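Working notes, structure below.
Chain lettering (A, B, C, D and E) follows the sequence in which the chains are written, and residue indices restart at 1 in each chain.
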């Protein structure tokens, strides 16, 4: 019993560390890829590890009071929490204790804390950045939520673990309406990752680096960790929903195989997001909003109705 | 015992009418504890025992040839606990809020008394009687503030609500020839269905359900906060109590489904609820007046309850009750907090406020907790409630309701942050204010307690609700103290909490790893310009905060619902101005009318 | 103790005749006589409450003579007219002329006479006393509007009284009797056509006083023109007496489905017309006048719902009359300055308005409640919806009125106190339990 | 528009009145019918119509020969009280409303000699005739109202002929009041000495003689004084405002 | 049906109609009141006609006659006449007041709506 618990805690800790590492690695690789597309050399793939270490070891940290500090606490703890509630490579972790709605809402904890911190900094630019981030959240959530509901209705479960399990025989992506839905969700993922064309909340050219303008030292370091894990979390969420969490094998060694396939899948979608990022110019915030609430929502609704029709017949 | 309580309430209403401010507040506070005491005493019928005075569970009062039947039921017990917890806190709050006794306490106590009556009513006349008493006592409370629009709109909508309700009562009465709930047999025919729909609409007015909500923003933004806290927290719940009574305690919802085979009004109610939640949320973050923002937020949050009632499954109803319970507390706290801020600063506009959190940290913390509940951040009870509703919508495969409801939930983050940023954080516009008075803090703290408790133990809340539902014949959903299970998924509050605490450890380690230096508020990086300490520049970006969304969404919300009501008003005005031209002022014309009248009556009668 | 109801009329008449002899103290004399009369009216009410209807013969027993017939509603109305008259008199204390006091007493006596008499021609005579006194009282205010209103009132009132007399003549031509109860008992012997024609004449004639649509052209002008105290007197005195006369006509003399139906729709038309016309009024007194018209329509609807038995109709009209009399008279007093500076006037005004809108536990609520029950038991859903509609309009303009009346300015005590006292009657009658038994008694010879 | 409508309405009104009268005439059952009175209070007339009762029993019940007088003063005395009150109210109203409109202008045109002298002669006769009429109200046609009117007309004549002729208004009103009080008091004495208001409590006397019929002559005298003084005061009031 | 009665009823109907027409069309307030008086007269005549009995005499005890007219309408008419007079007197006063304020008796519209 106790041993089980210890093992569980160990696994969870491991996943947390692995998630951080993978995220930072992806960020590094991402920078390299973008550099190559831009025909630059780019930094080494481990550059982000160095950045984080540097920031965390900075000696003078400027704080704007106790509410400002909440940003740090909320962003790291919240994103870790989210990570642990997602099935990774078919391993359910804590996701049996929650479901997709929980994850949707858990994703908001760090951003809300982050927003609190930015607000507390008193910098108007931060305020504007937070506003844009929140509007962006509202924008991409609508199509994303509709596709999520389509999945839930189709598999008759709201638990992510349940959805993943249901896809053991066939990934959702291979069912026609979900192909459409996954395309929609991928654009939503683009917004979640705040990559171009949806990077206006943090675009450095626009509003002096946006919400994190006042963050420095350990605060910025923690935000980088948050960003890294969130990349993992968001792509995993997507993969869990449409690709059965990357589960391809059952039986012996299935764990390691599935883990690798998961890793490959999230890397693919991260890369895809990066490629889109490099290829497109930036949307203004209202353009982004319109894009999501108009075209994306219509497509998502079509897929939802399609699914509903499939379910009731 | 019960008659003594009622007599004491009435006596206190009289006394507080005449005594001075402080004494009135003290009397009102202790008197407002009485219903709560009675409810705790009645708790023994749920198996737990706090106190026992042996207060009767039912009572009949004869007045003007009519017998009022009063009795406690599990459902009204639940709503009672919710509503009557608010009153003492509000009285406590108002102790320092008002500087003279100009009718707040007596009419507040009257509202308390009539709420008590509504909850105990066992026949339709009693229900209606107390309902109206509450309407007009709250009307007088609104009227005190001397705002024209609020006065008119509230009275008109109260009357509308009363008439819709009494219309339903009359329809039911003409069928059953009895006013007692226990003697009403609903049969699926047109009149019953019209009665139920009419009553639901009547209660929906008070529950501020769209499109009958238009009074709420006006009234909420033009009244004193202690009263609005009751209005948003208590009164709206009574509206849902009424709906619940006629939809589930009397099986109105079932009757309607039987009568309409295809698309039931229940479904329409759910859609209206969801749309209400969604539209109100969008409108909420466009507001600049914090009271209006909170009002629209209320409308939105209350919409969820309507969704729950509309879906009507065991899951949904439980969720609806849970949401009602949460909303009663967090919205009351938020209004009180807004009141406390206004008490110190005298301002309502979000764009003029800001930076209050540093001066009023306790108020801020309490408000923050309620905002977390409002925004349904996981581990708060607000999340549990909404989660149940989402599950219910998915389970019932309400594909239009579910996404709208969910996106409204996301929208709640936006206006929550609006409050946090605009009022409490952001620019430091109020350097010389103090923390709110102790009585106000105490009031808010008391109200925030249930939220804290049900964070970890949603099971207890579910226990309460399943007992409340027992007499409507609705089974409770499987749950333990920490977890709730549905056929679709489960939610484990303790797992989330423990993991969160565990995840806080690394975050805390990072936080503690290096020391930090707290700098002045204005010491920040502004596009290369560093403002000096005393330079007076606006550091507040709360003005036109969600302008982009507003720009996109505004065209779709034009004209607003109120425009349609104004259209009705204009139509009536034209009608009035046309019809009263009959009174030309010439006696010759009047004589012609007289002659025509005479001949018409004569002709009519001879003809027949 | 034997209560002689005739004293209700004889005493004010006697004192009105006496006043010219004692001009100096006429004010205090009048007020004491009104008080005495109020006490009598209360005694009469209790007598009716305890023993049922009172018949009091005058000189000879009917049908050759005249008798007073007092049922629950007339006892109530006698009480309202006398007690309210006494209270309202306080507001006119500034009037010094003894003739004013005489006219006031005569108006009170006349209205009382209308409701307690059991003879149809006698009723006509009292109508004339009331009307002539009212014309003079309305014109007593020294303004152009008052005179104009009085003239309009007079023209329509005279036309109406001609029609009443015509109706009486037609009835007499057939029945050879003037006693209401006697006519009622033998009404079936009457020629159908003459019956309806006489009903039409009587309804038209009394309807002018009872403010029925479309006979009420004079109402707004008179209420606007008259001084507050007189407007208040008119609202609880003559108009209420007239509507009661219509009830006797409708329920006692000509009970038939057709008359009920016609009264119902006239009531609905009056209600809607009054409320809709009041909706856009800017002048407070005029608005209240239109609102009065609406309330009279409501009372007429209540009377017309009698065909299913009096179970709901009479209590409804009972409470509606109390509510309207007390609320409207206090609001007319309030309209003197229209400022609710003191708590007394503020809560008085609110009570009155709430009672008119029909909020429990005020009398207006019980009135509307029984009215609705009656209408529901006859399944008149359309009527109910129309009443709702008018109620909402009423709420709208009364809310506006209340808001406009907010102000720091205080009214004179001579207006504020009667106003507050009058408005409390709607509360008292809504709460006192014995009233219900009173309301549930039978009308004279009625169903 | 209004005129055409009025014409139409008047024609319809005329026709319906004609219809009503035709109905009355066709169902002409004058006085021959026996009525079955079901009124529980009714004691006196069991099987006859009201007019029949009056004609048959007036003499026995009231002692008056003139049935109309008996009806006016005794059977329906309450009406008469009301009627007197209406006149009183009107007179009061006239005085009340004209109070501040009086303009006693001196230069009024004198009447011619014949009128002046003639009226001097006529006045006593007018007064006497009036008094005669109301005193003999229970015996001959006429009564308080005609008598009072005749008296008032005498004063009218005086006012027409002498612009300065002026009656003491106070005395008039005292007279008026006393007459009214007498009427009500007689009624109230009925309540005290007999059972009902206005009931006769005096001896009926010798029917057909002047001193008979109980309270009828008393009331009629009071009414006569009252009507006379009231009409006179009304006329005087109206006269005084002439420009 | 008696010719006298017929003629009388015809007169009644005419008087009432004329009076009503006058009230409905005249602007002069004096004329309106005159019209009202005409109507009053009509009704009084009607009362008398109702009580009339062909061949009847005044209801005063008289040995020579066995047939009397109905006495009650006559009593009523007495009352009605007095009431008519009173109302007319008051009407005249009101007209005087009106005239003193407006200088005319033509009503051209005043308070309305």
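Please note the rule applied: a contact is a pair of C-beta atoms (placed from the backbone, for glycine too) under 8 Å apart; a residue touches a chain by one contact, two chains touch by 3 or more.
As the structure is a computational prediction, the values presented were derived from the model and not from experiment.
Considering every other chain in turn, the ones in contact with both subunit B and subunit C prove to be D, E.
Chain centres here are C-alpha means, and the one lying farthest from subunit E is A. Among the other chains, the CA centroid farthest from that of subunit D is the one of A.
Two chain pairs, B-D and A-B, are compared here, and A-B has more C-beta pairs in contact (counted per touch definition above). Averaged C-alpha coordinates put the centre of subunit A at 105 Å from the centre of subunit D. Per-chain Cα centroids separate subunit A from subunit E by 98 Å. If you average the CA atoms of subunit C and of subunit E, the two centres end up 28 Å from each other.
Centre-to-centre, using mean CA coordinates, subunit D is 16 Å away from subunit E. Counting partner chains per residue, subunit C has residues 121, 125, 128, 132, 135-136, 139, 151, 155, 159, 173, 176, 178, 193, 197, 220-221, 277 touching two or more of them. Annotation for subunit E: residues touching 2 or more other chains are 16, 20, 23-25, 32, 50, 70, 72, 76, 79, 83, 86-87, 90, 94, 97, 107, 110-111, 113. Subunit A has no residue in contact with two or more other chains.
Applying the touch definition to every pair of chains gives A-B, B-C, B-D, B-E, C-D, C-E, D-E. Against subunit D, the residues of subunit C that register as touching in their complex are 4, 6, 10, 13-14, 16-21, 55-67, 97, 99-100, 102-103, 106, 109-110, 113, 117, 119, 121-122, 125-126, 128-129, 132-133, 135-136, 139-140, 142, 170, 173-174, 176-179, 181-182, 185-186, 191, 193-194, 197. Of all residues in subunit D, those touching subunit E in their complex are 2-3, 5-7, 9-11, 13-14, 17-18, 21, 24-26, 28, 30-31, 50-51, 54-55, 58-59, 65-68, 71-72, 76, 79-80, 82-84, 86-87, 89-91, 93-94, 97-98, 101, 140-141, 143, 145, 208, 227, 231, 234, 237-238, 241. Interface of subunit B with subunit A (complex): residues 355, 357-358, 375-378, 383, 386-387, 390-391, 394, 397, 399, 402-403, 406-407, 409-411, 413-414, 416-417, 420-421, 425-428, 483, 488-492, 495-496, 499-500, 502-504, 506-508, 510-511, 513-519, 521-527, 538-542, 545-546, 548-549, 551-552. Subunit C makes touch with subunit E in their complex at residues 121, 125, 128, 131-132, 135-136, 139, 144-145, 147-151, 154-155, 158-159, 161-162, 165-166, 168-169, 172-173, 176, 178, 220-221, 224-225, 277.
Of all residues in subunit D, those touching subunit C in their complex are 16, 19-20, 23-24, 27, 31, 33, 35-39, 41-45, 49-51, 53-54, 61, 74-79, 81-83, 85-86, 88-90, 92-93, 95-97, 99-100, 173-174, 176-178, 180-181, 183-185, 187-188, 190-191, 195-200.
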